[in-house]
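In the two complexes that follow, subunit A is the common piece, with subunit B as its partner first and subunit C second.
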Partner chain A sequence: MIQFDQPNIANLPELRQIGKPLPRIDAMGKVTGATQYAADYTMPNMLHAQVLRAKHASAQILRVDVSKARALPGVVAVLTADDLPGAQVATDIPGVTGTSKRAGTDAPILARDRVRFMGEALAIVAAEELAIAERALDLIEVDYEPYPAVFTPEEAMQPGAPIVTEPDNIVARWRIVKGDADAALRDADVIVERTYKTQFIDHAYLEPEAGIAWVDENGTLTIRVSTQVVEHFRSIAAALQLPQNKVHIMGTLVGGGFGGKEDITVELFIGLAALKTRRPVKMVYSREESILAHCKRHPFTITHKTGVTHSGRILASQVNLIADSGAYVYLSPYVLLYAASSAVGPYKVNHVTVNAYAVATNNTFTSAFRGFGAAQACVAYEQHMDEIAQALHLDPRQVRRVNYAQAGDTTPNGQAFRGAVWLEECAQRAWDALGETPPPSAPNIKIGRGLASYMQSYGRITWFHDTSQAWVGLEMDGSIVIRCGVPDIGGGQINTLAQISAEVLGVPLERVTVYSTDSALTPLAGTTTATRQMYMSGNATYQAAMAVRKTLAERASQHFECEPAEIDFADSAVFVKSDASQKMPLTQLIAMCAAEGLPRANLSLFKAPFTEKLDPDNAQGDIWPDYTFGAQAVQVAVDLETGEVRVLKSAACHDVGRALNPAAVAGQIEGGATQGLGYALMEDVQIVNGVTLTPSFAEYLLPTARDVPETKTIILESGTGLGPFGAKGIGEPALTPMAPAIANAVANAIGARVPQLPLTPERVLAAIDSAR
Partner chain B sequence: MLPTNTHILFHEFDYHAPTTLYEATELLAQYGDSARPIAGGTDLLVQMKMERRQPAHVISLARVNALQGIALNGDLTIGATTSIRDLHQYLTSKLQPPFASLQSLGEACNGFSTIQIMRMATLGGNLCNASPASDSAPPLLTFDARVTLKSKTFERVMALEHFFIAPGKTALQADELLTHIRIPRPPHQSASAFIKIARVAADISQVCAAVRLTRDGNLIHDARIALGSVAPTPVRAAAAERELIGQTFSAALAEKIGKRAAQEIQPISDIRATRAYRQHIAAVIVRDALLRAWERTQ
Partner chain C sequence: MHKKTIHLTLNGEAREWSVYPNELLLNVLREQEYLTGTKYGCGIGECGACTLHLDGAPTLSCLTLAIACDGADILTIEGLARDGKLDATQQAFLEHSAFQCGFCTSDMIMMTRALLNENAQPSEAQVRDYLRGNLCRCTGYASIVRAALDAAALEKQRAEPSAAS
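== the complex of A and B ==
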């Protein structure tokens, strides 16, 4: 059920298509199976690539002998680190265009002397058939010398620990100091100190990593790939020692990203093989390879020490965060920054000290995942709010109310919240939507309720100097073409642009076509990450469409002899607002413009706010353009005898600023909540001594439709977002509050807390037993 | 390469699609150990992709009509290739007493993973796969079900209890096919219940349990308890059963018998659950299944 409210909005223009739950233009292809994903493409004369993965988590490589693999009939190339022009690839700031330094974050494309996690790439095989490539992998002989290993960040931080990353395994550190937390803690009535842990989880997209690469007749390396970032062509060019204009990324529609396709996946493997063999090369990860060898969500250990008054007011917070970065850096510095900056949540706290570390281990590397550190922070700060309330014998909702930030209040790094900050309203609406608490169905069943509020930025870190470009044009028949580099990862990114231009130019949505996600042919729009495409490319598209509209309106105003402001566009017609009889088909106006050489298209660049990089020793200053706020409430049933948790009801309320397409927004909210449910209750990539014990979906569990509760989705529209029409981002925020809401509901039900995700029945049972 | 169940089958095999039971058994007689029958394929295909099985001959049973369907002729006879979904619909819509007491088998079918699996998977396939975690086996064990095994020249019938030998191993000879599962007419005044604990609804069980009770006034005239995922095969809890028979039913008795059954089993720790958790919840679900079944006998 979707509730859709527009309270307190003034001065919004009359909108004809924005705000309507129109069917997405990409929907029919997906439901009929017509959509082509990366793995669906084949080419004549194509080879199949496979990658040899390390069988040790930490070892020196003494010898790699590929002679038997090379000799296998049907094998065309076997490549090792010795065959690489450049051995390293930069792993941070995908698609970066600014001037930020990216030192010390490189990772080998193929391991040469040492492997640092089980599953690290050692060699590439390209063969005539996939079966031959797979068989060839087994013929490559590798001699390993085990090397000391370390598997927890706490151990990796100790002096004398095996070194995964020079000099001391600490790959990123952020310290944020606001006020004087030590002094303020001394004034507190009560101090509450607790530690919370989160786990590795997998993105588990339907479509595993996949792509096909070839060298075209001009010598351009062309890679058709499932990616969130076509701008990787720059890093690929650097790694393969090619000019940037000789690497062409053609993105496809993506069968799920969630951050897992933000980093480079298959591009370098198939790119190298295509360069060496001069034939098209295709590679598709198996599910097991995806789970074993591509990035995971960072596990965090987060300790809060909070000083409060008897009435629940938070005076001071000290927060320590330690994240497991796995074997390579990737996006750890930024994931850590998101977590550190949102460590105390959407609350007004005047005295804060945050110390955050990302630490290298011999586990699978970790990187972006929907929520990007801010989600892990929320798991901790929202459970901590409930534990503060419990320590004070207060209602957790009351403690939140006393502390919610208002517009103008600042984060620990001193960034002021702007626009509507509807934390209390969202919490109230979500809570009320749960309705009455039902009586337990049996004596051994306890019903609990939990709430979590959150803040989550949208838009990239402002010192990345982010821009997006879009091209909008009208064809002679009145149809619209958009060219914009945005990768659509299933969230409706393309449809959003179409709906914006359809609104501005008065053309039905189904008459808009979007050409997207091509690094050479569509204007670069930046990454589909950081909940930024609606904000960035939406604004670029809006600007471009408005520029076209301006030209057309001026020409129409001459024709109708009125002011340009009097001209309006709807239903593929142009007319005078005050006199609808003064009207002509849009095609007629387009023909007039064409005959006179007036532009019917515009390329526009949208620029986010730019700031400079913060000091890691005391990060003070703005980091993001803006935040989304909201709340998630859940009702759970816990079986006291088995420890099973069943989520009975879920109610989410988010201020999305403006729902450009409420059906798509609700889809994000419901999908995010379901992903959060998995995070809370069952998803867990278990890596023990470097070995992944959950290599497939038989062991790694996801919620299915049968685990999803009755769901209420409440969309609030403050109109104060920085996106087009006042919209805010919702992609990542939708997930963030679900896991802590469930953890709080379980604690409410059983009177004890499991401070470690996921809340498996065995952990819940142990908590129940310890509370008895 | 990494073991994976998400790639295309590489190893080559001959595919046979017999239309009669005779043809099917003849093919089995011819190819023996190098052949593997396939029904829904929900287990076999995964095993082939993971290269745990590489049969040279795959014999599809899909066109053998004699293996399909359900008939009530004194016993309830279920063809081996009857889908879990069809069985569930039959059990929940068509049965009169005393066969209406087979509730637990309907519950097991309903808990059988996702709708896609229910439509593809077959009862015979679930039994021949011989997983300790089979959902269908515990209810059938409590019904004293018998299985018909047929080769080209010979047919034999055995109690299901003797059919399971070890994980993935049954009493089937290389030339034999499981053709039917027969459930004898249940005693009057009987009822059953099945409970499964799994990490997510679509998963195989951490523990499952089925019970059948036959009452005589307030006394328990007869009892069966069977569990899955607690031993190398689906197992009966015989000692717990014996302690029930002749007793007056009470909640306290159900509690005691649940604990007794948990003492009889030898679960292992694996990725789905620890041994201790399995023993703990076995007691709980056997008790709850007893309570539920007894209530149904009223």
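== the complex of A and C ==
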């Protein structure tokens, strides 16, 4: 059930297409199988690439002998580190100003003398057939010598630990200080201290990483690839020592991203092979390779020490966070910042100290994953709110109520919430939507309920100086063309732009075509990450469409002899608002403009707020443009005999500012909640002594259609977002509160807490036993 | 290894294939027929992305040897729409936006089609049970289940045009 409430849209203009669940413009290709994903492309004379991956988590490489592989008929090239001296890939955030790449954060494209995680790339084979490339991998001889390894961040922080990343394995650190938490803790009636842990999880997009690269007739390395970031062309150029204008990324529709296709995947392997062989080279990861070798979500250990009054008011919080960054840095510093900054959640706390560390280990590297650290923080702070309530013998919802932030309150960094903060309303609506608690279906079943509130930023870090560009034009037949570099990863990114331009120019949605995701041919629009595309590229598209509309309205106003503000556009016609008989087809107006050389197109750049970097002493300062708020409530049944948890009902309520396409918004919320369910109950990339024990979907369990409960989705629209028409981002927020809501419901059912995700039957049974 | 010639029907058309004994149906469809609507997701039958209909039954083409398809009748997502008209399942998925990235959409539609062939009026629980082997990472299955239930209604409506008025 999806419910829409619009309690505060009086300030929004009359809208004809925005706010309607229109079928998406990418629907026809997807329901007929015609949509081409990266692995669906082939080219004449194409080679197939495979990558040899390390079989040890930590070892020195004594010898790599590729002579037998090179001699295999059908093998065209075998590349090792010796063939690409110095080739490194930056793992810091690409394409930003305001931050400098830190020394020692690069990863080798192919390991040279040492491997740091199991699955690290050692060699590339390009062959006439895939089967030949696979056989060639088996013919490469590698001699390893085990090297001291470390597999937990806590051990890696100890003096004398094996060093994965110089100088001390600590790849990122944030310290946030607001007020005086030490002093304020002394005034508390009660201090509640608990530790919560989260696990490695895999993005498990159904489309494995894939791409095809070739060198075109101008010597440009062209890569058609499934990616969230076409602007990696710059770091690819740097790694391959090419001019930036000689690397061309053609993004495809992405078969799921969730942050896992934010970093470079196949691009450098196939790019190198194409440069070497001068033939097109294709590579598709196997599922096992995907699980072994792309980034994972950071596991966190988070300890909260909170001072509260007897009435539940939080006086002070000290929070320590330790994240496992795995073998390479990638986006760990920023994931850690998201976690640290949201460590106390959407609550007003005047005295906060946060100490956060990301630490290198010999585990698979970790990086972006929907929620990006803020989700892990929520797992901790929302369980902790329930623990505080239990310590005080208060209702958890009451403890939240007395602490919820209001508009104008500030984060631990001192950033103020400038828009609506509808935390209490979202929580109330979600909780009420659960309805009555049913009686247990059997004597061994216990029913529990849980709630989680959250805050999650949308838009990138403001000292990254984020911009997006879009080009909007009207064709002579009244159809709309949009050119925008946005990668569409399934969230409806392209459709959103189409719907915005259709609204502004009064053209039916199906008459909009979007050319997207091309680093050379479409205006650069930035990454499809950080819940930013609707906000950034949506605004760029809105600005461009409004500029076109302004020109057309001025010309029409001369024709109709009225003020431009009196002109409106709908149903491919232009008319005078106050006199509907004054009307002409849009094509007629376009022809008039064309005959006079008036522009019917506009390229617009949208610029997010820019800020300075944080104060290095206390991390005070603004970090994000804005936040989305909401709540998730669940009802669970726990089997006391088996420890199995079943989610019976799920109710989510989010203030999305404005739902540009309610069907797409509901899809984000329903899908995010289901990912959160997997995070809470079943998903776990088990890496033991550096070895991934869960390399397939037989071991790595995902929610199926049978695991998903009855779901209620309540969409509130405060109209206060920074996106077009007052919209806020919902991509990442949809996931964030689900896992802690389930953990709270389980604790409510069994009277004991399992402080470690996922809540497996074994852990739940152990908690039940310990509570007896 | 030697290739063997087999004959089959693919999306209603007669086909002659020359295949090695170890070639997978999924790969032959994608690489020889260029029918890329059927997807590789895991290669070992755990995700459902490669689902098609083999002699009317939903089948994982990543676990099926092409050589075993001699004489078979194969239907893929590309063959589902007839005479330019979407199948009721496709129409329902389109109207409900029952997809996000779309990578599992082909297999979800082929499974829904198979379900409706077996059971014209499934319950929600029956839909969820039937789709349990097909993974979707984007939608949380909610819109897919809504579309599947609506496809049954749409098909009934199409079969009885008078009821639609």
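By definition in this document, the second predicted complex is superposed on the first by the 758 of 772 C-alpha atoms of A that agree within 3 Å, B and C clash if a C-alpha of one lies under 4 Å from a C-alpha of the other, contacts with A are read in each partner's own complex, and residues count from 1 in each chain.
In the analysis below, a contact is a pair of C-beta atoms (placed from the backbone, for glycine too) under 8 Å apart; a residue touches a chain by one contact, two chains touch by 3 or more.
Not measured: the values here are computed from a predicted model.
*Asks:* Classify the contacts of A:Leu693 with the two partner chains as first (subunit B alone), second (subunit C alone), both, or neither.
*Replies:* The first partner, subunit B, only.
*Asks:* Can A:Asp655 be said to touch subunit B (first), subunit C (second), both, or neither?
*Replies:* Neither partner.
*Asks:* In the overlay, answer first, second, both or neither for which of subunit B and subunit C A:Asp626 touches.
*Replies:* neither
*Asks:* Name the chain, either subunit B or subunit C, that contacts more residues of subunit A.
*Replies:* Of subunit B and subunit C, C contacts more residues of subunit A.
*Asks:* Based on the superposed arrangement, let me know which partner A:Gly491 touches: subunit B (first), subunit C (second), both, or neither?
*Replies:* After superposing on A, A:Gly491 lies in contact with subunit C but is clear of subunit B.
*Asks:* Is A:Arg53 in contact with subunit B, with subunit C, with both, or with neither (first, second, both, neither)?
*Replies:* first
*Asks:* Now for A:Glu732: first (subunit B), second (subunit C), both, or neither, which partner does it touch?
*Replies:* neither
*Asks:* Pick one for A:Glu644: touches subunit B only (first), subunit C only (second), both, or neither.
*Replies:* first
*Asks:* Look at A:Asp466 in the shared chain and tell me whether it touches subunit B only, subunit C only, both, or neither; answer first, second, both or neither.
*Replies:* Neither partner.
*Asks:* Let me test your reading of the model: by the given contact rule, A:Ser286 touches which partner, first (subunit B), second (subunit C), both or neither?
*Replies:* Both partners, subunit B and subunit C.
*Asks:* Which positions of subunit A sit in both the subunit B and the subunit C interface?
*Replies:* Residues common to the subunit A contacts of subunit C and of subunit B are 208, 286-287, 696, 698, 702-704, 706, listed in rising order.
*Asks:* Mind pulling up the subunit A residues that touch subunit C in the complex?
*Replies:* These residues of subunit A touch subunit C: 21, 23-24, 26-37, 39-40, 42, 203-208, 253-258, 284, 286-287, 489-492, 663-664, 666-667, 670-675, 696-698, 702-706, 708, 711.
*Asks:* Applying the document's contact rule, which stretches of subunit C touch subunit A when the two form their complex?
*Replies:* That would be residues 30-31, 34-44, 46-47, 49, 76-78, 80-81, 86, 90-91, 93-97, 99-106, 109, 127-129, 131-145 of subunit C.
*Asks:* Taking the touch rule as given, give the residues of subunit B at its contact with subunit A in the complex, in rising order.
*Replies:* It comes out as residues 1-8, 10, 114, 197, 199-203, 206, 271, 273-274, 277, 280-281, 284-285.
*Asks:* Subunit B touches which residues of subunit A in the complex?
*Replies:* 50, 53, 130-131, 134-135, 137-138, 208, 286-289, 292, 641-644, 682, 686, 693-696, 698-699, 701-704, 706-707, 760-762, 765
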